[in-house]
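Got a structure for you, questions after.
Note that the chains take the letters A, B, C, D, E and F in the order they are written out, and that residue 1 is the start of every chain.
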Amino acid sequence: MNLSANEKAEILIEALPYIKEFYGRLVVIKYGGAAMADCHLKKKVMQDIVLMKYVGMNPVVVHGGGPKINQMLERLNIETSFINGLRVTDRETMEIVEMVLGGTVNKEIVTGIHEAGGKAIGISGKDAGLIRAVPVEPGGRMGFTGEVEVINPEIIYTVIKRGYIPVIAPIGIDADYQSYNINADSVAAAIAIAMEADKLVLLTDVPGLLRDPEDSSSLISVLRCSDIPGYVEQGIISGGMVPKVRCCQQAVQEGVKRTHIIDGRDPHSILLEIFTDEGVGTMVVDE
Amino acid sequence: MNLSANEKAEILIEALPYIKEFYGRLVVIKYGGAAMADCHLKKKVMQDIVLMKYVGMNPVVVHGGGPKINQMLERLNIETSFINGLRVTDRETMEIVEMVLGGTVNKEIVTGIHEAGGKAIGISGKDAGLIRAVPVEPGGRMGFTGEVEVINPEIIYTVIKRGYIPVIAPIGIDADYQSYNINADSVAAAIAIAMEADKLVLLTDVPGLLRDPEDSSSLISVLRCSDIPGYVEQGIISGGMVPKVRCCQQAVQEGVKRTHIIDGRDPHSILLEIFTDEGVGTMVVDE
Amino acid sequence: MNLSANEKAEILIEALPYIKEFYGRLVVIKYGGAAMADCHLKKKVMQDIVLMKYVGMNPVVVHGGGPKINQMLERLNIETSFINGLRVTDRETMEIVEMVLGGTVNKEIVTGIHEAGGKAIGISGKDAGLIRAVPVEPGGRMGFTGEVEVINPEIIYTVIKRGYIPVIAPIGIDADYQSYNINADSVAAAIAIAMEADKLVLLTDVPGLLRDPEDSSSLISVLRCSDIPGYVEQGIISGGMVPKVRCCQQAVQEGVKRTHIIDGRDPHSILLEIFTDEGVGTMVVDE
Amino acid sequence: MNLSANEKAEILIEALPYIKEFYGRLVVIKYGGAAMADCHLKKKVMQDIVLMKYVGMNPVVVHGGGPKINQMLERLNIETSFINGLRVTDRETMEIVEMVLGGTVNKEIVTGIHEAGGKAIGISGKDAGLIRAVPVEPGGRMGFTGEVEVINPEIIYTVIKRGYIPVIAPIGIDADYQSYNINADSVAAAIAIAMEADKLVLLTDVPGLLRDPEDSSSLISVLRCSDIPGYVEQGIISGGMVPKVRCCQQAVQEGVKRTHIIDGRDPHSILLEIFTDEGVGTMVVDE
Amino acid sequence: MNLSANEKAEILIEALPYIKEFYGRLVVIKYGGAAMADCHLKKKVMQDIVLMKYVGMNPVVVHGGGPKINQMLERLNIETSFINGLRVTDRETMEIVEMVLGGTVNKEIVTGIHEAGGKAIGISGKDAGLIRAVPVEPGGRMGFTGEVEVINPEIIYTVIKRGYIPVIAPIGIDADYQSYNINADSVAAAIAIAMEADKLVLLTDVPGLLRDPEDSSSLISVLRCSDIPGYVEQGIISGGMVPKVRCCQQAVQEGVKRTHIIDGRDPHSILLEIFTDEGVGTMVVDE
Amino acid sequence: MNLSANEKAEILIEALPYIKEFYGRLVVIKYGGAAMADCHLKKKVMQDIVLMKYVGMNPVVVHGGGPKINQMLERLNIETSFINGLRVTDRETMEIVEMVLGGTVNKEIVTGIHEAGGKAIGISGKDAGLIRAVPVEPGGRMGFTGEVEVINPEIIYTVIKRGYIPVIAPIGIDADYQSYNINADSVAAAIAIAMEADKLVLLTDVPGLLRDPEDSSSLISVLRCSDIPGYVEQGIISGGMVPKVRCCQQAVQEGVKRTHIIDGRDPHSILLEIFTDEGVGTMVVDE
C-alpha cells in the first residue's frame, strides 16, 4: 500500500461524513476474544478506540477475560466448570476472577490505550457503586455468577467528561457487598441501556451471525428482532450466539440506537463498522 | 486508488499521532489565490478545514478576494491601480471592496464550510470591533488602504468556543469609523499574533520559497529569519513573496509557534502540512 | 429645550418604571425605510438601540436595504421587477442583493451601533445556519425570492449573551446551499417567533395603520387580529401594509407578546414605543 | 416642565455616554443627613440608586442614623454626649444604636429601594463577618465607639452578583464578639477601599467644601490632597468637614478612583454627579 | 463523663449513619422560648446549628423575640395586649417590634452562630422581598399583625449556597410596603413549605404534645394529622399548642417531609432529634 | 460505655472546633499493616475515613498489600526476597503484585468504604497516568521495584470533587509502559507533596517512634527533622522506621503541612490524631 500523501489525505476526507455523524456519540464496546488475546489485534483495537475519542466520540470499553482467568485457575489447581456458557463461580473462583479481571486484564487495557495515545481509567463494577448485581440463580449451583440488577453510571459520565476513556471490569456487587462475576456482553448491554448509548458493539470471534456457520459469505447483515425466535428455532442462532443476540435485542428494545455483533479478528473492525456505509458484521434492529 | 476498507482504516490510524499532537491547537489560515478561484480546489480546502475542526483543532480563516473585486470594479467601470502590490483605494473603490469581500466572498466561504459539514460564521473586521486600522500612508496616495493597528479577538474566542469556524474579511476600521482595505496576509498574521496561534498558514499559488523560481525542486523547506536579509538581497525573496515572508517573520518573532507558506494549488495542502512529518512548502522559523 | 440638570435627572427617573419592566426582554426590530435612508434618523435609531442594550434589554436588529440594492442594480444595468411587493430575483440579481445587504448595509448598521457606543456583530442568514429558506414560488417567476422555512437562533443567543447586538441581513439558504432573498419584515417576525421575543417592532414610513391614509389622526392604536379580515375587505389594510400586518398577526399568534408597526420617520420612535404609556403607532394584539 | 415625548427621549439619549462610561462600576454611597430625614428627598435618592443599578452600575449603600438614635435615646431617658463629633457609646447606648440602625433605619432604606423598583438586602457589619472593629480609644472614654479594623466584603460581592443592592448598617464587631458603633463615612470609605470601588460619594447637608461657608458660590470643585493641610490650617476645612475630607483622602490614596462630597439636599444630586460633565459638590483627588 | 479519646471517637462514628442520611438536607428551625432566653441553652442551640452546617445539612433559622419586645415596650411605656396568643400590633408597637427583632434579636443570633464557629447572615422578611404579608384581620383590631401571603426564598438559596446560615426575623411587608408582625412558627412553616424542606423543627418550652400536661411521661411521640381534630376536641391539643400543631400539619400536608415539636429546654434537643433513632418530642405526620 | 443521648450530643459538639479546622483539608493516608489485616480494625479505619469525608475533609487512601501478595506468591510457588525492606520484583512477581494489589486489595478497600457509607473509586497508578515510575536500581537486582518519578494528580482532583474517596494502588508505570511495584509509604508521600496536602498519615504497627522500642511510654511525640540524623546514628530510628521517617521528612520539607506516623492497631487512631489536641503517634516537623 504505497500511497502518496495526497491519496492519504483523500482517505481522511472520506471519513469526514462519518466523523460528523458520530460526533459526541456514546459507543459501548464489549472487548474480548481474539482481539484481546492477539497482541497485534489488541493494538489495532486500542488505536481504533483512541481515534474514536479524538474525533469526538465517547467510547466506553467493557472487557471480559476468560482465558487469563482459566490460566490462573489452572496454575492454582482450581477446577472450573461452565453451565450454558456461564462459569460456575464458587467463593474461591470468585476471588481469582476479580483479581485477574480487575488487577491484570483491566489495567492491561488501560495501558494499551495510553500506548495508543489516549487517556483511560480502569473501573471495576465495585467502584463508585457502578454495578449492582444479583445471583443468576439465587441459592443455586451457579454460586457467585451474577447478573446486572442496576447500573449507576455517574462515575462514567464524570470520567468521560474529563477526557478519559472508561474501561470497565464486569464485576458486580450485591446489597450485602458480595462480589459477582458477570458476563461481559450483558454488562456492556446494561451500561449501553443505562446511558442511552448510540451504539453497542460486541467484538466476537466470528464474522457475525451466519446462516451457515461453515460459510462466511452467508452473513446476515441485518437481523430483525422479530426474526430472532424463528432463527433460534431453526438453529441459526445457537450456542454462544444466543446470549449475544439476546443482549443486542434487549439493548435496542430499551433505547440503544444501534447494536452490532462484529468480528474482532479483523483488524480495525470497529472503525470499519463506524466509517463505512456497509458496516461489518450483523446489526440487530428493533423491527 | 482502489483500497480495501481495512487499508483505509490503517490510513486513518496513521493520522492519530498528528491528531493527538494538534488537539486543541489554534491554526490561522490565509485563504486566497487559486485555492479560492478553482471550484474543485476550494471544495478540498473547505473539507480540510472542517476535518481540522472535527479532530479537535481550532481553524480560523482569513480570506482575500482580489479577483472578485477586480471583476466588480470593471463591471462598474471603476479604474484601479496598485503600488507595491497594494491596491490604491479611493472612497468609491473602498465601498466596492467592502461590499464584495463582506457580502460575497465571505459568505461563499461560510457556505462552503457548511457544505463540507462544518458550522461557520462570517465576520468582517468591522464586526465586534475586531480590526482597528490605520492608513498605510496617512494623507497619501494609497487612500483607504490600511494596516492593522490592533486586533480585538474577543468575538473569535466566543464563536470558536461554541463550535463555529470564524471566517474573516480583511476590512478594518479606524477611530473615526472609516473603513480600510487591508492585505489579507497581514490580517492573518496579526490575528495569529493576537491569539498566540500555534500555526499560521498562508495559502499561495507557488510551491513555497524557491531558490530558482523556474525550478520547483529548489524549494527552501525551512527558512531561518536570520537568512531573510541575505535572500532579499540576492533576489531569492522578491516581488509578492516579500510581504508574505515578512508576515511570517513577524508572526514567529511575536509568538506564533509555526508559520508556513504553502501551495494552495495542491489539493489538501493544508492537511498535508499538518499530517505529514515532512510538511509541504516553506516553514519560516525564528532562528 | 433649555433644561436644568435637575430637570434632566427627573426625566431619567421617569424612565425607571419602563426600564424595570423591560429589563432582560428580547425585542426584535425590523429596521428599514426612511429611518435607514436618512442619516440623521439613522443616528437616532442607533442610539435608541444602544440605549436599550445598556438599560438591560436585548435588541435584535433585522434590516432591509431595497434602495441600496436598486442603486447598485441600476449602476450595473440590471433590470428588476416586483410582483405583489416582492422583488423578482434571478441569479444575477440574487448575487447583487446578497452583496449589498451583507457587505454594505449590514456593516453600515454595525458601524452605526459602534458609533453610538454599543457593540454589534453583523450576521447573514447564511452564517451559522441561521435562516433556512424555501422559494416562495418553487419553479416559478419569483426565482430566488424566498421565505423562511426554519430559524436556528443558536448564534443569536451566543452573541447576545456576550453583550453584542446582532444585526441580521435577510438572506436565507436552502438545503442545496442556494441563497434566497427574503422580505425583512417576515424574517424579523420569524426570528421573534423562534426566540419567543417579548416584542416585535416594524419600523415603517407611515404613522401606523390609518383608517384614512390621508388623515394621520385616524391612527388605529390597537388592532385586534379578529378585525383584520374586515379591515382588509374594507381596504383599510391594503398595499404594503397587508404583509406587515400579516407578519404581526402571525407573530402574536405564535407567541410573541407584543407587536408594533411604528413610524420610523419620527426620531426615537422606538424609545417612545417602549418608554411611554401610550406607545406610538399600531399595536397588533391576538384577540 | 412640559416636554414632549420626543424631548424626553432626547434627554435619555443624552445620558447614554455616561451610562456607557459607568457600566459595571462600583459606587459606594454614604447616605445620611437631610437626604435621609426628608421624605421627599429620600424618595429621590432611592430612585437614583435604583436607576444606577438598572443602567448597569453596582451601588453599595452605607447609612448613618444619628437623629433616629437620638430620638430613641431620649424616649428612653438615656443621656448621650459627643467628643470631636463621635458619640460616646456606653453599653446601654450601644444596644440602642444597634437596634435603631439595624432594625429601623436599615430596613427603611431597604423598603425605600423596593418602593423605587429595586431589590435590596440590609446587612449589618455583624452579618457574615463584614466589619471587624476595634475601639477608637481602647479602655478610654469613648466606650464602644469603634473604627474599622478590616472589611470582609465577600457577602457584598455575593449579593451584588445576584442583583441586590446591599444596604449596610455601620456596626462592627471585635474579636470577642463585642459590637461597636462606627462612623458611617469611615465605613463607606473602608468598604470602597476594600472593594476597590470606582467611586465613593458622601451625601452631606452642605454644597461641598466652601472657601467661605456663608457663600455657596465659593465651592471648591476639585480638592487636591496636597492642598488639604493648608486648608485645614486656614480653617477652610473645619468641624464636621475634617473627618469627611480625611475619609475621601484615604480612599483616593488607597485606590478608590473618584471621591465626592455632595449636597444631599439637592434632589438627584447623585445622578447629577454621575450624569453631568461638571459634576456637583467637591471632588477630592490624589494630587 | 470521663471518656477516653477512643470512646469519644466511637460516639462520633455512631453519628455517621445520621450524618449520611441528612447530608444536603434542608432543615428549618423555629428558634425561640427558653432556648433563646437562657444564655447557656442558647449557646448549645448555636453549636447544634453550626454542627449541622459543617456535617453537610442546610439549617435555616427563624426566630421569635417576644420577651425582648415586651421589655422594650415596657421601657417605653407602650401597653400591649394579646388576642388568641397573637399580639395586637398598632403602628407604634410595630415600630418597636421591627426594631427589636431586626436590630437586636436577629443580630444576637447571627453573632451566636459566629461564636460557635459558623458563618451567618441576618435577614428580615423585608429584605429581598422575602416575606409578603397580609393582615390577619384586615381592618380589624389586630392592626399590623400579619400572616404570610407568599414567600420568595431566592435570597435564602443564594446565601445557603455560599456557606452562610440564614437567620430570619418574622417581619413581613404588604403590597403597600407596610410592615407586619408575624408569628415566627407560621413563618418557619411557610418557609419550610416554600423551600420543600426536609424537616421543620419548632423549639418550644414543653416536651412536646402531652396527653396529660402534668405528666411528662405522657408524651405523644407521633401525632397523626387525622387524630388532630379529636385531640383538639378532647382538649389534649389546646392553648398555645393549637397553632403550633396547625403549623406542623400544614407543613406536612404541603410537602415538608418531617415536622417536629421539641423541647428547647433540653440542651442539644435539635441534635438529639436528628441523631437518635427515637428522636425527641412530638413528630407530626401526614396520616 | 452507657451514655445518655445528651452526653453523646456533647461529644459531637466537642468535635466541632476540629471539624471547623479541618474543613476542606486534604489528608493522604497510607493504609496498611495490622489495620488492614484485622477485620475489626479495618472496619474502624473505613468508618474514620468516611466520617472525615462527611465532615468536609478530603481523604485520599494509598494502600500496601504485602501479606496478600506473599500468600498468592506462595500459592503459586514463586519465591520472593527482600533487600533493605524492598521486595525484589522480577517479571513474574510483578504480575502477581499488580494483580493482587489492583484486583483484590484495592477493591476490598473500596468496598469497605461503601460498607461504611461512603463512595469510593479504586485507582491504580497506571490509570489516567497517575504514577510515572523509574526503577530504584536501573538494570540491577531489584528488577521492577520502582520509585515515583512524577505524580499527575488530575484524576484525583476529578474524583474528589465529585464526592468520591480515591483509593490508590502503589503501581507505577515507566515511559515504556512497564509496570513497577512501589513502596506505598513513598507513594503516599509523593501524592501528598504533589497535591500540597494538609496532612500525611502513615498507619503502622507501632505506637510511633519510640526511644526504647521495648517501652511504649518512650514515644517521641514530635520529631524535628534536624534531630533525625542523630537519632539514626543512635539507632533510635532504625529498620523499617528509617524509610517511614524519610517519607515524612521529605513531605514536610516539600510543602505538606503535617506528617504523622501513627499506630494502626489502635481503633480510630486516625480520628484521634485529628480530633484530639494531643494527637497520637509521632508528628514529624520541619525544624
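In this section, a contact is a pair of C-beta atoms (placed from the backbone, for glycine too) under 8 Å apart; a residue touches a chain by one contact, two chains touch by 3 or more.
This structure is a prediction, so every number in the text was calculated from the model and none was measured.
Chemist: Identify the chains in contact with subunit B as well as subunit D, in label order.
Modeler: Common contact partners of subunit B and subunit D, which must touch each of the two, are C.
Chemist: Under the document's definition of touching, what chains do subunit D and subunit F have as common neighbours?
Modeler: Touching subunit D as well as subunit F, we find E.
Chemist: Shared numbers divided by all numbers used: is that above or below half for subunit B and subunit C, i.e. same or different?
Modeler: Subunit B and subunit C contact each other through largely matching residue numbers.
Chemist: Could you find the chain whose CA centre sits the greatest distance from that of subunit D?
Modeler: Chain centre farthest from subunit D's centre: A.
Chemist: Can you compute the centre-to-centre distance for subunit A and subunit D, using the mean CA position of each chain? Integer Å is fine.
Modeler: 69
Chemist: Could you work out how far the Cα centre of subunit A sits from that of subunit B, in whole Å?
Modeler: From the centre of subunit A to the centre of subunit B is 45 Å.
Chemist: With chain centres taken as the means of their Cα atoms, state the distance from subunit A to subunit C in Å.
Modeler: Computed value for the inter-centroid distance: 56 Å.
Chemist: Give me the residues of subunit A that touch two or more other chains.
Modeler: Touching at least two other chains: none.
Chemist: If you connect every pair of chains that touch, what shape comes out? Choose line, ring, star, complete or other.
Modeler: Graph shape here is a ring: one loop, exactly two partners per chain.
Chemist: Please report the chains around the ring in sequence, anchored at subunit A, with subunit B in second place.
Modeler: Here the ring order, subunit A leading and subunit B following, is A, B, C, D, E, F.
Chemist: Using the touch definition from the top, list the residues of subunit C that touch subunit D in their complex.
Modeler: Checking each residue of subunit C against subunit D gives 1, 3, 5-17, 19-20, 23, 44, 47-48, 50-51, 54-56, 116-117, 266-268, 271-272, 275-276, 280.
Chemist: Of all residues in subunit E, which touch subunit D in the complex?
Modeler: Going by the criterion above, the answer is residues 72, 75-76, 95, 98-104, 106-107, 110-111, 114-115, 119-124, 126-129, 154-155, 158-159, 162, 164, 171, 173, 177, 179.
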